[in-house]
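This is the structure, below, for whatever I ask next.
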Amino acid sequence: MKLAAILVHLNPVAIPGALLILIGLWGILARQNLFKIAVAFSILGTGVNLVILSVGYIRGRTAPILDGEAAVASMTDPVPQALVLTAIVIGLAVTALLLSYAVRLRSGGGGSSIEVHGDEKW
Amino acid sequence: MVNPLYLFAASLAAAFLLPLVDKLGRRASLALVYLVGLAWLAAAVSWLLALVQGGVAQDFGTAGFMAPLAIVLRVGLLEAAGVLAVAAVGLLSAAAMHASLRQAPAGGAMAFLMLLMGLCGVILTRDLFNLFVFLEISAIATYSLIGFDDRRPALRSAFKYMLAGGIASALYLIGVIYVYRFGDTLNLDLAIRAPGLAGAAGNAALFFLLAALLVELKPFPANGWALDVYQTAHPGLAAMLSGASATALLLALWKLLPLFGTAHLVIIAGSGLATFLAGNLAGARQRYTRRMLGYSSVAQIGLAMAVLALGTLFKLGSELFLLAVAGGFVLNHLLAKTGLFLLSAAFEQAGLTDAAGVDGVDVVDTVDDAAGASAAAQPARRLSPLALAVAGGLVLALVGLPPFPGFWAKWQLVQALADRSRWWLIGLILGGSLVEAFYMLRWLGRLVAARGAAPVPTLRLGAGLLGPAVAAVALAGLGVLSGVFGLTGALDPKAGSTLASLAGEPWLWAPWAVAAVLFLLDWLPGWLKGLLALGAVAAFAWLVQDRLDGLRQIFAIMLLGGGGLFIVAALRKPGSRGGLHPLLAMVTLSLGAVLLAETRLGFFFAWETMTLSSWLLVRRGQASRQPALSYIVFGLGGAFLLMVGLAAGGFDSAGAWPSGALASWPFLLALVGILVKAGALGLHVWLPGAYAEADDESSGLLSASLSKAAVFGLFALVLSRGIPGSLSISLGAIGGPWLWRALGWVGLATALAGALYAVWQEDIKKTLAWSSMGQIGYIILAFALMDQAGWTASLYLAFNHFLYKSMLFLAVAGVIQRVGTRNMYEMGGLIKKMPVSFLTVLMAIIALSGVPPLTGFGGKWLLYSSLIAKGWYLEAAVAFFASGVAFLYLYRLIHSIFLGQPKLNQSGVREAPLALIAPQLLLMGVLMALSVFPKLLLDPILEITSRVFPPTLGFSGDALVSPLGYWNGTLTMIVTGGVFALCLLWLVINLRNSQGVRQFNIVFAGERPLRPETTHYAWRFFEPYRQAVGGLVRSRAERFWVLVGGGVSAVGGALRRLYTGNGQTYALHVVMYVVVLYLVMGVVL
Amino acid sequence: MKELITSLANRYGVRDWKDLKAGQAACFVDSGRLRDCLRWLRDEAGYAHLSFATAIDQLERGVFTLTYALRNHERGHSLLVHSEIDRTRPVVDSIHRLWAQAWTYQREMKEWYGIDFPGSPRVDEEFVLEGWQGPPMMRRDFDSLAYSDATYAERPGRASSDPAEHMKRELYPEEQA
Amino acid sequence: MSDKHSIPGPLANEGLPLAERGLFCDAPPRQYQRANKITEAFWNWARAQSLWILGFGTGCGAIELRPLMTSRFDMYRYGIQPRPTPRQSSVFVIGGYASVKTLKRIVRSYEQMMGPKFVVALGSCTINGGMYWDSYNTIKRIDQYIPVDVYIAGCMPRPEALLAGFQELKRIIRAGRGEGQNEYARKFEWYKANQKQVIKDWNMPDYNW
Amino acid sequence: MITAILTRVGYALVSLFVITNYGLLLIGSMARISAKVQGRVGQPVWQPYLDIIKSTAKRNSISHGVMFYLGPVFRLAGGVGTYLFIPAVFGSALFRNFSDSGDLLLVMYFIFFGQLGMALGASEGGHPYSAIGVSRGLAQMTAFEVPFALSVIAVAIQYKTLDITAIVAAQQGGFLHWTVATNPVAVVAALIAFLGMSMHNPFSVVIAPQEIPIGPPTEYQSNLLGMLQTNRAIFNGAKLVLYMNLFFGGATSLPVMVIKTFLIYFINVFVGQAFPRLRVDQSIRFFLGAPTVIGVAGVIIALL
C-alpha cells in the first residue's frame, strides 16, 4: 500500500537515470579495460542526462513545442531539455577523446588494461 | 567597455579558421593564436583601466536579453584582473610551447585557443550552466592539449585526468539541474537570492555543485591525476594549468561563494587546509622537479581556497581585505608557479631531463643524505647569473619571502587570524609553509652550483628565460608596490591606507636597492665592487645616524661596522668574486634595517630580509648545500615564530605587549623565534654547518655581526620602540621571574654546550662556530638577569664578542686562504710565517677567555658579579665551568695553527693579505684601547641600562663598582704591564748565549723526530676530556631534529603512497572524497 | 703420531723423526719441500702456531740449518722442523704468507746470517743493527775480535789474565810466593 | 778559553737529506766564556750543589742508579736528583757499556744538554770495554766520543761507589775543572770524526742543539 | 703623587721579595718533610735557591722563537701579578699590594694569565709532550675550577661581597668567625680543588715525569727554567694567601700568615704523599663528582 504510493511518486525518468549513473560509476571504478571504462562513461553520461530530463519532466504534460495550440502551461519545462542537448554534445566529445586516447595508449604498446598505465605515481 | 562576446566570437572564429589558415603555414596559425591572446589581454587591460578610473562592473547579456532570459557575462574588477592573468599566462605558455605547437597537428593550436577562451568564460559568466559549458570546454581543450605532442606519459595522465574530470562534470550537471529545480534559475545572481535553495534539498544541490568545483580545484586526496598531469604534460601547459586554470577556477569559486552556507564553507576551508598540508608534506619527498612543483601548486591552491572560505567564516576583514589577502596569495602563486613551470620548460629545451642536470635539478630524497651527494656530483653545467636570479626570485616569491606579494599576504593573514585568536590555524598554515619553503629552497639551493672549483660551462636558456623573467619581474614589482602602498595598493591605491605597509620606513628597502644595483654591476672588478659596497654601507650609516638612539648606536657599530670590516676583508682575493659583494652589502644593510625598523611589519620585513640575504651568503660557500638548507629552514621557522609573536602584539608603539603578556605564549614564541637566530641550545643545529661552510669572510659576518642582530632582537622584544622615550617597559608586566630564569638556563646550557662542542672540533671554522654559539649563550644569560648589571654585562659581552670574534674570523680567513685547509691538525707552526695573524689570534683568545688585563675580563667580571648579586649562584658556577672549557678550545686553536711543528708543505706560506690584516690591526687597536680605558665602552652602556633599571653599577674614579666588588681596568693594565716588563727585563739580563734553533731541535727521548705530522700533537687533542665529560653533549638536539625531519618526511612519504598511479584509484579517490565531504557536511549541519 | 710421521714421509720425504721429550719432536725435510710441508702441517696436521724460526751456522758442513718450531695446541705437541741450505747459496722460500709474523724472523736471519727470503716484507731493512756495514755478524767465520780491534778505539794498557789464576793470586798470595 | 773561532761557519750536516736540513739548526757548538772569578766560583758552588741527572739509562749500570734514590742512599741530600729531559739536566751518567746504537743516542742527548754539563761514566765497559772487549758492536772507551769528567770503575760499581764518584764530580766542579762542554766544542772535529767512524748511518745534524 | 706611586711600588717590591723567599723556603721544607715521610734525610731546605741559581748560571740556552721566550715571562708575570692583586696581610699597608685593582674575580681570572702564556710558550717549543701536558692541564683545570668556584660563591653569599679585604675583615674576631668554622663544607670543596690546582699527587698527571717528561716545560732550560722555578714559589704563595684570606681568616701579621699558609700547604703534601696518581679523565670525573656535590652543599649551607 505505502510502497505503491512511494512507487507512484517516484519519477519514472529519474530512477533509471540514477541506476545508469550507478552502473556507470561501477564500470569506471571496477572495469580495467580502457574501452570498457569509456563505455562506462557513456552510461554514466546517459544516466545524468536522464536525471536532467527528469527534472523538467512533469507528469501529464506535453512536449514543449510551441505550435500554437498547446498552452505554455501544459508543457513540460523546456530548459532541461535544452541543457541535455548541450550535455550530450559535451559527453560525445569526452567519449570520443577517451576512446582516441585509449586507442593511442594501446597502440603504443601498453595494452588495454588501465593498471599498466600507472608509471607516474607518489 | 568592450563587449566580451566579441572576444568569444573572435576566439571561436579563429579556432574554426585555423585549419584554413594553417594552409598558409603553421607560423600563420600560431600568429592567429597569439593575436587572439593579445586581444584578450588588450581587452582585459582596457577593462581594468576603465574600472580603476572609477567605472563600475558591467553586465553583458547575450542575444540582446538579460537574465533570467539569457546568459549574462559580467566584467568587474576581479574578472578583468582574472582575464588579464589568464591571457598573460596564456601568451607566455604559448610562447613556451611554440616549438611543440609548430610540430604537432593544427589541433594543438585550436585546443589552445579553446582553453584560453574556456578559462576566460569561466571567469566572466554569471550563468551556472554556462559555467559548466566553459569548464567542459577548457577541460576538453586541456585533455587534448596534454596529449597533443604525443608524449606517452602525458597520454596516460590525460586519461586519468579524464576519469576524474568526467566524474566531476557528472556531479556538476546533477548539481546544476537540482539548483535549477529548487532555485528556479540558472543565473547566479538570481540563485543567490532564491529562497528555494535555502533548505536541505537546496543544500544538497549546492553540495554537488561545490563538490564538482572542488574536485576541479584538485583537493587532497582527490588530486592524483593532477599531479601526474603536472609531471608529464608539456611544462608550458603545466604553467597554464597551475597558473591560469587554477586562477579561473578560484575566481569561479569566489563567484559562487555567496551561494554557500556555513557547512559548505567549512568543507571548503577544511579541504583547502588539508590539501595545503598534505600537498606540502608529500612535496617534500619529490625528486622530479615538475611533480614537486605540482605538489606545491596543489598546496597553494588549497591555501587560497581555505583563505577564501575562512575569510567569510571568521569574518577576518572587509571584502577588500579578503580580496587583498587571497588575491595576494593567488597572484603570488599564479606568477611564481607559471614562471617556475616555464623555467622547467626552458630547462627541458636546454636538454635537461626533469630529474637531473644543473647540479642535479633533481631533489634529494631525504633531508640528510647531505654531504655525500654534494661532494660527489660536481655540476656539469651551471645557470647563468640572470637565470639564477630569475629562479631565485620565483622560488622566494613562492615561499613567501619579502618583498614578494606572498609575504605581505601572509603577514596580513596571520595578523587577522591572530586578532581573532585562531592560533591553531596560524600553526597549520605556517607549518605547511615551512615544509614548502624547505623543499622549494632545497631545489633552489641545488640550482646554485658550487663556486671555486674548475669553471663549468653555463647553461644556455636563451629565449626560454623570457617567460620566467617576466613573471619574476612582475612579482617583484607587485611585491614592492604592495609593500609601499599596502597589499591592496597594487589593486586600488585608495584602499592602501587600511592595511599595514612600509610607507613610513623607506630605509628598510635599502638592502634591496643596494643589492639590486650591485648585482647589476656584478661584472665590475672585485675591488671596485668592494669599494662600492663599502660606500653604500657608509652612506647608509651616515644617513641614518640621527635615527639611532643609544642602544641602537652600539648595535650599529657592531652590525654596520662589522659589515664594513668584512666587506674590506672580501678584497683579500683578486678577481670578481661574483655575487659576494652585493650579498655582503645586502646582509649588512639588512642588519641596519633591523635596527631601524619602527613597526612590527618593518621589523619582520627586515628580519626576513636578513634571514634571506644571509642564507644566500651561506649558500655561496663551496660545500654549503646542506648547511645552507638547514640554515634557511631554521631561519624561516624562527621567523615564523617571531611573526606569530609579533602578530599578537609588542614591539611597536601601536601594540605593546598586552599587559602581563610578556610571559604569555605569543611573547614566548617570538622569544623562541629570536633564540633560533641566536643559536640557543636545541635550536642551534643549523649553526655549525652554516658558519663553517660559508665563505670565510661571510662566516665572520654571520658570527660577529649577524648573531648580534639576534641579541638586538632580544632587547627590542622587551623594550618598546625608542628606548629613551618610552622606557616605560612596564617591568611590572614582565612575566613571572621563572621565564627569565628559564631563559637564563637556556643561555647557560647554550654556553656550556657550545664550549664543549668546540673542544672536539678538528675544523677550525667549526670550532669558531661553536664558540660563537657559546658566547651568545652568555649574552642571553646576562640578558635574562633583567637588571642593570645583567644588561650591562650582556651589552658589554656582545660588543666584546663582536670584537674578538671578528678578529678571529679575519685571522682564520687569512690562514685558510694561505694554507688551503680548515683542519687544524694539518697546520702548525705558522707563527713565524704569519706573525700578525698570530698576534691577532693571541689577543682575541686572551680577550675571549676573559683573562685580564684585556677587555674580555670585564665581561666575565660583569657576568659573575651580576649573577651572584642576583642570587643565581648555580648559574654562576656552571658559567664558570663553561668559561673554563673555553680555554681548552682556545688553546687548541692557537696551538694547532700557529705553534707546534710547521708542516713541510707549508713552508711557502706568507702573511695574510692586507685586506685581512688591516681590519685586524684596527680591531686590535680598539681592543687595546677598550682594555686600557674600559670606560670608553662602559659609559655609554651604563647610560642606557641605568635608564631602564635602577642602577647598581657605577664608576668610582677608574674603578667600576658593583654591590659586591670592584674592578679597575686601567690599574690592572698598568700593574700587569709593569710586572710583565719586569719579568722580561729579568729574562733579558740573565739569558746568556741563546741559540735560536729549528723545529726539529727538540729532545725526543734520544731520537729525532721523523716528520712534522707525527710530531705535531693536534689530532683529537682533547680525547681524554671527551672520555671524561663527552657524555654531557651527545648531539641530542641533532637527533631530535633529525627525528622531527624524519617524522615529517615519513608522514609525507605515507601520504604520497595514496597516489598509486592507477587512474581507477584516482577515480575512487574522487568518489570517496565526495562521499566523505557529504558526510562531513551532514555532521556540520 | 704414527700416521703423521708416515704421511709426512710419504708426502714430503720427511725423515729423521726424533722424539726429543714428551710433547716435543724434531724432524728433517729437504729445503725445496719445506714450505709445502709447513703448509700441510699448518692446515692439515693442526700445527697452527709458528713459535719461532731461526738458523744455525754449520760452518764445518758448509750449510745453514733452519729450524722452524711449530706447535699443535690441540694435542699439546711441538715439532721442530729442520732443513738445510747451502752456505754459499743461502736462499730459501719465505713463509710469511703462511704465518704473517714470520717476516720478523726472516728479517732477523737475513741480517744475522745473510739468508735471503725472496718476497718477504722488509727483509732487506736493518733489524737490530743500525748502519751495519760488515758481513752478517752471526756467521761463524766472522771474526768479532778482529772487527772490534779494527773499528773501536782501545784504551792502552789493557791486559787480560786468566780469571782462575788471577783469583788464586788475589786470594792466596802466599801460595804463589 | 782559547781559540774561540776554531770551528767557523755553519755545519754542513751532510748526514741529512737536503730536504731535512732546514729542519735542524746548523750552528756549530761554541766555547763559552767563564764569568769573572768570584762569580764563577759562586756559580760553580751552586752547580755542584744542584746536580740534575739526565734520566737516561744507557746500559746495565743504570740499575745501580735506582738505589741511589731510595731512602737507604738518598742522593737528594747531596742536591742530586733525576730529571727527565736533557734540556734541564747537568749530569749525564753513562750507565755502562755503550753499543753503537746507544752511542748515537748518547751523543744526541749530550749535545742537547745546556752547559755547563758533566759526564760521569760508570763501570769498566766505559773505560776500556770491560767484558765487551771483543764485541763487534760495543765501543771500548767513551771518552773518544764525548768528554768525561769522572769514571767510576767496577762491574758494576756499587751505589756507594757512585756516591763517591759524585762527590768527586762536585770537587771537580767546584775547582772549576768541569769544562767538558768547552772541551767538546774545542775538539769538536775530533769528536765528530770519532763518532762518525763508528756511527755509520749518520742521519742527524752534526750538532744536535 | 709621585711619592705615593713610588711608595706603593716600593711596598709591592718588598712584599714580592718576602713572598718569593717564603715560597722558596716553603717548597724546600715541604720537600724535606716528604723525605721524612719516605724515611730519607732529604734535600736541604735551601735547595730551591741553589737550583734557581744553577739554572740562572747556565752558560747557554736555546730558543724556539718569540713566544717560547715569552712563555716564562707570562708565567712569572702571572704569578707575580696574581700575588700583587691579593692583599697579603690584613690591615698592612706594606702587604696591601695592588689589591685595589679588582676583587676576587680578578684574582681568579688572573691565575689563567700565566698558565695561558706558559701553555703558548711551551707549544712553540714544538714538543708533543708539551702540548699533551697542556691539554691535560687545561682539561683538569676546567674540572677543579668547579668546586673552587662553588666555594667562592659560598663565600660571596656568606659575606655578601667579592672584595677580598672585606672578606677578611668579616672573618676577624677569632677562630669561630673563619669560613672554615662557619662553612666547613665549602672549605672542604675548596681544599680538594686546591689539590688539583697545585698539581700534586694524585693530580700530577700534567707533568707525569715517567710518561711525558714533565709535560709543558719539557723544552725549557737555563734561565727560562729558572723563571718557572721562581714562579712556582711565588704562585704557590699567592694561592696560599688567597686561600688563607678566603677561608682561614686572613692574617693580621706576617708570622700569622706564615703559619697559616704553611699549614694549608701541608694538607697538600700530606695528601700527595698518600695517594697515587690518577689518569686525567679519572681526575676530571672525580672533580665533577663528589667535590662538586660538596661545593653545592657549601652553597646551600651559605644560603641557609
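Read from first to last, the chains carry the letters A, B, C, D and E; within each, the first residue is number 1.
Everything below uses one rule, namely that a contact is a pair of C-beta atoms (placed from the backbone, for glycine too) under 8 Å apart; a residue touches a chain by one contact, two chains touch by 3 or more.
What you see is a predicted model, and the numbers here were worked out from it, not measured in a lab.
Trainee: Leaving every chain except chain B exactly where it is, which of them still form connected groups?
Mentor: A | C, D, E
Trainee: From chain C, count the fewest steps through touching chains until chain E is reached.
Mentor: Counted as steps through touching chains, the separation is 2.
Trainee: Centre to centre, using CA atoms, which chain is the farthest one from chain E?
Mentor: A
Trainee: If I average the Cα coordinates per chain and compare with the overall Cα mean, which chain comes out closest?
Mentor: B
Trainee: Just list the two chains that share the greatest number of C-beta contact pairs.
Mentor: Summing C-beta contacts for every pairing gives the maximum at B-E.
Trainee: Going by C-alpha centroids, which chain is farthest from chain B? Tell me that one.
Mentor: C
Trainee: Quick one: report the Å distance separating chain A from chain E, using the average Cα coordinate of each chain.
Mentor: Centres of chain A and chain E (C-alpha means) sit 99 Å apart.
Trainee: So what's the Cα centroid distance for chain C and chain D, whole Å?
Mentor: Their C-alpha centroids are separated by 38 Å.
Trainee: From the mean C-alpha coordinate of chain A to that of chain D, what's the distance rounded to whole Å?
Mentor: Taking the average C-alpha coordinate of chain A and of chain D, the gap between them is 114 Å.
Trainee: Determine the centre-to-centre distance between chain B and chain C, using the mean Cα coordinates as centres, and give it in whole Å.
Mentor: Comparing mean C-alpha positions, chain C is 77 Å from chain B.
Trainee: Any chance you could list the residues of chain A touching two or more other chains?
Mentor: Nothing qualifies.
Trainee: Return the residues of chain C touching two or more other chains; collapse runs of consecutive numbers into ranges.
Mentor: Within chain C, no residue touches at least two other chains.
Trainee: List, in ascending order, every residue of chain E touching at least 2 other chains.
Mentor: Counting only residues that touch two or more other chains, chain E contributes 58-62, 213, 218-219, 222.
Trainee: Please give all chain pairs that are in touch with each other.
Mentor: Here the touching chain pairs work out to A-B, B-D, B-E, C-D, D-E.
Trainee: Would you mind writing out the residues of chain B in touch with chain E in their complex?
Mentor: 829, 831-832, 838, 842, 845-846, 849-852, 857, 860-861, 864-865, 868, 873-874, 876-877, 880-881, 884-885, 887-888, 891-892, 894-895, 899-901, 959, 963-968, 971-972, 975-976, 978-980, 982-984, 986-987, 990-997, 999-1005, 1015-1018, 1021-1022, 1024-1025, 1027-1029
Trainee: Within the complex, which stretch of chain D touches chain E?
Mentor: Chain D reaches chain E through residues 30, 32, 42-43, 46-47, 49-50, 52, 55, 71, 74, 76-77, 79, 81, 84-85, 87-88, 90, 114-116, 181, 209.
Trainee: Okay, in this complex, where on chain B does chain A touch?
Mentor: Residues 129, 133, 136, 140, 143-144, 147, 150, 152-153, 155-160, 162-163, 165-167, 169-170, 173-174, 176-178, 180-181, 186, 224, 227-228, 231-232, 282, 285, 291, 1056-1057, 1059-1064, 1067-1068, 1071 of chain B touch chain A in their complex.
Trainee: Help me check something: in the complex, which residues belonging to chain E touch chain D?
Mentor: It is residues 31, 35, 38-44, 47, 50-51, 53-55, 57-62, 209-210, 213-214, 217-222, 225 of chain E that touch chain D.
Trainee: Please give the residue numbers of chain A that touch chain B in the complex, ascending.
Mentor: Where chain A meets chain B, its residues are 21, 24-25, 28-30, 32, 34, 37, 41, 44-45, 48, 51-52, 55, 79-80, 83, 86-87, 90, 93-94, 97-98, 101-102, 104-105, 108, 110, 114-115, 117-122.
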